[in-house]
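Just so it is clear, A, B, C and D label the chains in written order, and each chain counts residues from 1 on its own.
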Amino acid sequence: MLTTSRLDIADARTIIAAATAKAQEIGVPMCIAIADDSGNLVAFERMDGGKVTSITIAIDKAYTAAAAKKATHEYGTASQPGAPAYGINSAIGGRLMVVGGGLPILVNGAVVGAIGISSGTPAQDLEVAQAGVDGFKG
Amino acid sequence: MLTTSRLDIADARTIIAAATAKAQEIGVPMCIAIADDSGNLVAFERMDGGKVTSITIAIDKAYTAAAAKKATHEYGTASQPGAPAYGINSAIGGRLMVVGGGLPILVNGAVVGAIGISSGTPAQDLEVAQAGVDGFKG
Amino acid sequence: MLTTSRLDIADARTIIAAATAKAQEIGVPMCIAIADDSGNLVAFERMDGGKVTSITIAIDKAYTAAAAKKATHEYGTASQPGAPAYGINSAIGGRLMVVGGGLPILVNGAVVGAIGISSGTPAQDLEVAQAGVDGFKG
Amino acid sequence: MLTTSRLDIADARTIIAAATAKAQEIGVPMCIAIADDSGNLVAFERMDGGKVTSITIAIDKAYTAAAAKKATHEYGTASQPGAPAYGINSAIGGRLMVVGGGLPILVNGAVVGAIGISSGTPAQDLEVAQAGVDGFKG
């Protein structure tokens, strides 16, 4: 058998709080999703003003970052026209997100979950996701 | 034009806290979803030990209760063999939930959102959903 | 964080071999799926003569038994007309299986994965699933 | 009427074993899927450490290579912006994979099945897929 560690609900709340603080700081209401190490949703919050489309996108960014063990913006680079993973954005019924804002969360080198952010620009989403990760590690 | 009222993220947290307290009291870790008046997710928490299948089911119970303005167990009655809504459980790709645990939340007679609970028996799910509603109104 | 145990690929092969032996004994070629504790597929085999429809059904029985921590035939009882979970069979896009043949696999009281069997009668599927579970524990 | 030849479960195990050996050699745990000539799954293994997203992607690469009788990386070339098959990656609900790692398996010029690999880079996936094909023919 394999033994793995994953985010619990208390961890998820800590990460969401840190992401929310950054989102407020930059003035962009966000959808914030936290997944466990298998990509399954642990917690989600849509800040007042967060976009309805971003509900699914944030959840799928967290899913992708956790289940593929990779930041979603790395897939963005790898899937450009002519690049090796071109076309992967429509995989898994479109759940495979290649837009920035999904970051895996690692402890001792192993992925224990992920955060997915959506409603701003991809750069803003990534900035808020990183703040969530930093809030967990801090 | 229409003007509507809907749950905000602070309301959602209040409702989740009340539902969580009841779930802890009865000893069943739950998935808890809060939707707005359009059925779109506002917040979600999977308590430690909540079921993976219940992530989608809780979200869909909240969606159904808000968007159909009806408790999901009422659909359970109405969709029995021979009853008028027989077969509606598979509508909307299976999102139309007819199992108890989804309750609309009303203010001044208007639906402003809903709560969806899953991981226990339908009776337990309903009890925890009601505690969430009561926590909001209290 | 939470620490969990899950079936690895060697465990999955052991379980599949035990299930296959039983399927050969009763003369029914089966589809055999093994999921981890989160419901995600670890291994799958379609015995020569196993049904094409059963590919998805076996995978979804394993998913349901692992992710809902319950034997699928228990859902069959609980979801009969008039019973509390009536209508749950169409949940999660129809992935929630209520037909016998899906069994969770527990170690020290915790679900570490599941087996899903399909191609025979539900009773045959359940018998083969149980043989798989027994092969793991033996 | 048509008479077709297709991989059986023993063939599938042989191919998986050859692919697994190569994956171990290059140090990348993979998801490995084998489809028959109709694109339907015959066998699947997720090596310990294989990605959760790659479960579906490996199965869909095998499906695409068998059912379309073409290596998935050939679709990658044909579906670039301006190329004739542009946009085909989202066909069939996103199951049509255009990323490398899916190879048809031919006997006497006829497709009898396919292998789909995912979890590494597309180049690594293709290398391991080829090792699986070679193991079958060897």
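Just so it is clear, a residue touches a chain if its C-beta (ideal position, glycine included) is under 8 Å from a C-beta of that chain, and two chains touch if they have at least 3 such contacts.
Heads up on the chains, UniProt names are A, B, C, D = DNA polymerase III subunit delta.
Computed from a prediction, not measured in an experiment: that's the story for all the values here.
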item: Copy pair subunit C, subunit D: interface residue numbering same or different (half cut); value: same
item: Between subunit D and subunit A, distance of the C-alpha-averaged centres to the nearest whole Å; value: 28
item: For subunit A paired with subunit B, centre-to-centre distance based on mean C-alpha positions, whole Å; value: 25
item: Computed distance of Cα centres, subunit D from subunit B, in Å; value: 41
item: Multi-partner residues of subunit C (each touching 2 or more other chains); value: 2, 8, 38, 40
item: All chain pairs that touch each other; value: A-B, A-C, A-D, B-C, C-D
item: Touching residues on subunit A, where the partner in the complex is subunit D; value: 2, 38-39, 63-64, 66-69, 81-82, 84-94, 96
item: Complex contact set, residues of subunit A against subunit B; value: 8-9, 12, 38, 40-48, 52, 55
item: Touching residues (chain side subunit A, partner subunit C) in the complex; value: 1-8, 11, 36, 38, 40, 107, 112
item: Interfacial residue positions of subunit D with respect to subunit A in the complex; value: 48, 51-54, 56-57, 60, 75-76, 79-81, 89-90, 93-94, 97-100, 121-123
